[in-house]
Amino acid sequence: MELNFAPPAEVSELAHLVSDFIRTKVVPYEKDARWTSHGPTDELRVELNELARQAGVFAPHAPKEYGGRAIGQVARAFVFEAAGYSMLGPAAIHCAAPDEGNIHLLAHVARPDQREHFLKPLAEGRQRSCFLMTEPGGGAGSDPGMLQTTARLDGNEWVINGRKWLITGADGAGFAIIMAKNEGGAHDGHATLFLADLPDPAIRIERALDTIDSSFTGGHAEIEIKDLRLPSDAVLGEVGKGFRYAQVRLAPARLSHCMRWLGSAVRAQEIATGYARSRKAFGKTLGEHEGVSFMLADNHMDIHQARLSILHTAWLLDKGERASTESSMSKVVCSEAIARVADRSMQILGGLGMTRDTVVERIFRDTRAFRIYDGPSEVHRWALGARIVSGKL
Amino acid sequence: MELNFAPPAEVSELAHLVSDFIRTKVVPYEKDARWTSHGPTDELRVELNELARQAGVFAPHAPKEYGGRAIGQVARAFVFEAAGYSMLGPAAIHCAAPDEGNIHLLAHVARPDQREHFLKPLAEGRQRSCFLMTEPGGGAGSDPGMLQTTARLDGNEWVINGRKWLITGADGAGFAIIMAKNEGGAHDGHATLFLADLPDPAIRIERALDTIDSSFTGGHAEIEIKDLRLPSDAVLGEVGKGFRYAQVRLAPARLSHCMRWLGSAVRAQEIATGYARSRKAFGKTLGEHEGVSFMLADNHMDIHQARLSILHTAWLLDKGERASTESSMSKVVCSEAIARVADRSMQILGGLGMTRDTVVERIFRDTRAFRIYDGPSEVHRWALGARIVSGKL
Amino acid sequence: MELNFAPPAEVSELAHLVSDFIRTKVVPYEKDARWTSHGPTDELRVELNELARQAGVFAPHAPKEYGGRAIGQVARAFVFEAAGYSMLGPAAIHCAAPDEGNIHLLAHVARPDQREHFLKPLAEGRQRSCFLMTEPGGGAGSDPGMLQTTARLDGNEWVINGRKWLITGADGAGFAIIMAKNEGGAHDGHATLFLADLPDPAIRIERALDTIDSSFTGGHAEIEIKDLRLPSDAVLGEVGKGFRYAQVRLAPARLSHCMRWLGSAVRAQEIATGYARSRKAFGKTLGEHEGVSFMLADNHMDIHQARLSILHTAWLLDKGERASTESSMSKVVCSEAIARVADRSMQILGGLGMTRDTVVERIFRDTRAFRIYDGPSEVHRWALGARIVSGKL
Amino acid sequence: MELNFAPPAEVSELAHLVSDFIRTKVVPYEKDARWTSHGPTDELRVELNELARQAGVFAPHAPKEYGGRAIGQVARAFVFEAAGYSMLGPAAIHCAAPDEGNIHLLAHVARPDQREHFLKPLAEGRQRSCFLMTEPGGGAGSDPGMLQTTARLDGNEWVINGRKWLITGADGAGFAIIMAKNEGGAHDGHATLFLADLPDPAIRIERALDTIDSSFTGGHAEIEIKDLRLPSDAVLGEVGKGFRYAQVRLAPARLSHCMRWLGSAVRAQEIATGYARSRKAFGKTLGEHEGVSFMLADNHMDIHQARLSILHTAWLLDKGERASTESSMSKVVCSEAIARVADRSMQILGGLGMTRDTVVERIFRDTRAFRIYDGPSEVHRWALGARIVSGKL
């Protein structure tokens, strides 16, 4: 079989469909006041979801049994990039984090009854979800080993206590996947995942965090879990295998971040290019100044290289490989390339770039956060370097 | 005379006084709700100004006749950096843009009656001011030659029409300095500066711009000037010399930007260092990871080099030189170094860095804008390169 | 057809064969004194060619009629990278510049008699060739439009005059392809390619240039062409189409540069990694210092991304596309990534890296030159930027 | 005392004198065949030294008792930069490494008899010297603690054994300063410095290393010390204080590297600027292309910032401070800035830049090595980062 970089026709068609939808239906909503500093409201999201359903582009990655097309990673690369052209696009077609990753995780690990209760309404877009891993105050972050939230069996019930933060989409979510460390029992000290319906008085959203980014429905919350009691079968997968499942979720989840934000880089470049063509300074258009056209050229190369990186990793994942090194590299390469594109685009726009009159300002802020999400670049470089030095790579 | 990099004792003392004031009195206000996304409110500013007066650190750069100390550029370098440690600091001691630059301009160019009417209350902090140069829609920006706002004499009155935007501090200002292009007359096509009291129904603030930065009192506005009528003596300086005066204002104004934001870089580094000392990951503190300590080292070098650049330009200005090349270089060197410091500091803070729980998030956004303010880096590189190629440098 | 990044089995096999050959047979020659500062001598090259023939890896890109395998661009990507592992490798398997590009050009454009006389011995490795385009003193370079060498018809003969320099492989070449500008005639001012046997007293090699790189057989020469007389049928292709043919040659030629030097980046990384594993400083191995392991990680990512870029462009070329934008991007991306890899590898080696005790020192120097060869990065950014701004991209 | 960045008149005058000398007398020697790949020959050096004496610019940093002017660090900053304009300049006025550092060390530590025997002829330029610290094969390098060369007392004599490499100027030197680790005795395990006349059959220069740089007289050697016997008073300073003296030497020695190579950056910029003014491509001069003029602007800023860094550290040293943090920062800032200048200058020169037709090619190679000399950037970042994290900075 020969090398091939071109997607199958049905993938191209779907991507074009999504692209048309985003440009004609979603972009006009970008000035909607319901896009707040804590992301689009659920009201706005539901309205966009309905448009996506009408356009036949809703949740193409969802399992077929729930109305999706169960498209693979390579197809997602094209489709999610198209969706990311608007930062409201992923919420609109329901491929945003953390739902997209949670669908993936549940589809792989959940029991039939859990699929029916949690996955089905999530995949169908009738509710949102959240993933409670990160902790404040020196707890779990890039190093999940520092997990402080605890779960202990009390008779037939799990009792969970801890604090979580930077929990994307918690406000308004229908359920939570909670990571906690077993206290006592056969799996003492190991991590386990739990499923819990929301709202629950034992899971208190203390505050919405003010963050640099603003595109996730529900924003990011700080949460106190106090004596949360869950039935013994609330465990997702097996007890003590929480870290393993987090890994199952992680590689594709960080890759789909790359896909979506690549779309926003394409958008930023389009806006910057349009401006460079029309705005004049010192006797010619900005685009006729090499100082500007070189930035556009670098943007083009960064976008191209990021896309190649994504496609390669997606191809490995579709072949069934873990691709943890490659998804890690893609995360670094893409988050840094995309951030450079956003930065250069803002710079080309000059004073206009500082304002929210174009979406570049939001793209810049969101993509800055992307260099921290799912492991800052430094954690990936550290892991990658260690693999090289130890001869594993 | 030997080389010397150490400030005179009285400058050190003043800088320490300011530093103490900022750390003890101003920093506690950083969580105040009156610090909005359009900057601190005037109410907050007035409260801080009063504290500054009590501490003896109010407006040390103001002319002595108005209660200031008339400190020079080198002294400002030390004092304004100390003020910039909190992004509320410059507003607190009244050395923020655009007032600081306007005081400088008026002190150099205004007639005695204009000094009394405009400069005195400004220097004493009883009112704020704004500088109306930048225009939307292809008008004046980095290239002031594209000025579209017009001024024509109609009998004894000037009639001014045009649009302005990105006008910092307009909302709440007591007067405006307006740049317009003469239409007709001996100076047809040349730029002139005008002084106008605010509010004035002919100077309509159409909207507050949503911008990436958030530390200027009054935010940034878009303004329509419609048939503004000013008396013939409303001209600041001479008719037709607007660009020349803008230059008088510009070199020190962009240098004082460097000074203030250098203080914010120092702050970001302090916060990042503190976090690196305490936060653990993978078995040791972040600071014990070279991936982090190298960033702290780079921050330290960037701060040091930015400071040297400022001091050198300030020294030239104090000697009476125009130093336009050096202030231009300082603007590029400092804005880029400071932005790197802010970026690395945010990266070191990880998830915390994305949130407004520390001021680094605001510092990051403000210093991003600094790379665009007062001429984007590209305009300075272009001008500098042209001077080199033409043999002027 | 699905996406695919894996080469066909026969390509993998050939690449492995070449890789084994390079590591076992060619690497030992890297200390041979016949590798001079002007490249390997012809004696050394001939000796290596013979070993390559014995190993069955000689000139796999040559047309089948001349004993080659006529492998396409994707196959070359794998094979040439394997050859580039030693900087003597391309000369050894006869895929070095300029011969590789000249074979490609002649195979596409030459008449049957020209193929027999020039291409056959070249493809079979019985002689070398050179391409006389670049000129000193303000003539043709990145801008071929500045061509100063002239060709005019004098009866049945072309008379060519001019100066060329940076002519790789001229010393010892069996023939030259000469680009000259028509003077008079129907194609006045247009460029034409000519074929000329070497040596010829009218083509005088004035000097071997001392250059930063040292891996091309025959080095780089400065040449005077004085009243060179060639028969009217010495034209390669059609009169006046010189620039077009240069383009035919250029896209694949610059891509094969990327392939070969990518191999040298792999080599540098291997050497640096080995050193980082064993060399100790400050109580642990260099590789245990993140300051070093991060550099290895960046090298790994740069190599990976360069390879993806090459494969993508090669795939387009194999599909019959011109891919001039993509080959241009690959040239920038690869030359800069590879230079970074070489630079970091040298830095990791410390004092050892400064010496010729490892080949990294030569790799560093050669790959520095690569950022200039075949159009400096700036020319590519300029062209790419112009295409974006004009809407062609 | 006010800040001041301008040198005293006598320093300016001396710097101008040196500058004139370099431009008129030394530059013409840059094409001399006696400038080999292992640096200028001693014959060439002696010829240049004589010219320097005639011009009154020989060794101004030497102690006054030996004919020098004993100029301080700030004065050196101006004078050595002027000397560095030609890479033969430091050898010409005798301020090159390692002699300049050795003069400094001996002037501070040597006994009167040692001054007479070693320092006097060195300071007067009648002989050269070398400093034997760095070791091959895992010995002393950036981490001097890994010192393997041993010194043990055998009766009245020291017996020294070990291997050294990268020993600059060893070939042709009149004496060596040797660092060795005490074996036995009161200072067992501590380092001591020894003075030894050269040549000595027990100090065998095994080979001249082929290195990327080429400006040090005598090149860099690998040396075997086998049963070298020295009288007990051959110790420089006190037994066991070798590391401390190395530090005395190091801070100013690395700063003078910055000074000299800053001169070479100025030279590279001058050559690149001249080329950019005259060479045309695509219808205008290179300098009219922003892609080039921006590089010239960045060079200008890098040179300016490097100079400020040097002056600041020099000022501290002249005040009697150790300035180890500042000299370390200057080393990183300057070596990286200067390397960027050399790199950009080469890039601007295009094909010409690759050749030795201008000195930029040599400057590029030498300044690449500078990023490794006297501690690679990474060692300085590591030390600086550790000081920040531990609160010492």
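Of note:
Lettered A, B, C and D in written order, each chain numbered from 1.
By our rule, a residue touches a chain if its C-beta (ideal position, glycine included) is under 8 Å from a C-beta of that chain, and two chains touch if they have at least 3 such contacts.
Computed from a predicted model, the values in this text were never measured in an experiment.
By the document's definition of touch, common neighbours of chain A and chain C comprise B, D. Comparing the CA-atom centres of all chains against that of chain A, the greatest distance is found for D. The greater number of contacting C-beta pairs, out of the two interfaces B-C and B-D, is seen for B-D.
Our note on geometry: chain C versus chain D, Cα centroid distance of 37 Å, whole angstroms. For the pair chain B and chain C, the distance between mean C-alpha positions equals 52 Å.
Put simply, the C-alpha centre of chain B and that of chain D have 42 angstrom between them. Taken residue by residue, chain C touches two or more other chains at 289-292, 294, 378, 381-382, whereas all remaining positions touch fewer. Those residues of chain B that touch chain D in the complex are listed here as 1-8, 74, 273, 276-277, 285, 287-288, 290, 292-298, 300-301, 304-305, 308-309, 311-312, 314-315, 329, 332-333, 378, 380-382, 384-386, 388-389, 391, 393. Across the interface of their complex, chain C is touched by residues 289-291, 294 of chain B.
Of all residues in chain D, those touching chain C in their complex are 37, 134, 138, 141-143, 145-146, 165-166, 209-213, 220, 278-282, 289, 291-292, 343, 346-347, 350-351, 353-357, 361, 364-365, 368-369, 371-372, 376-379, 381-382.
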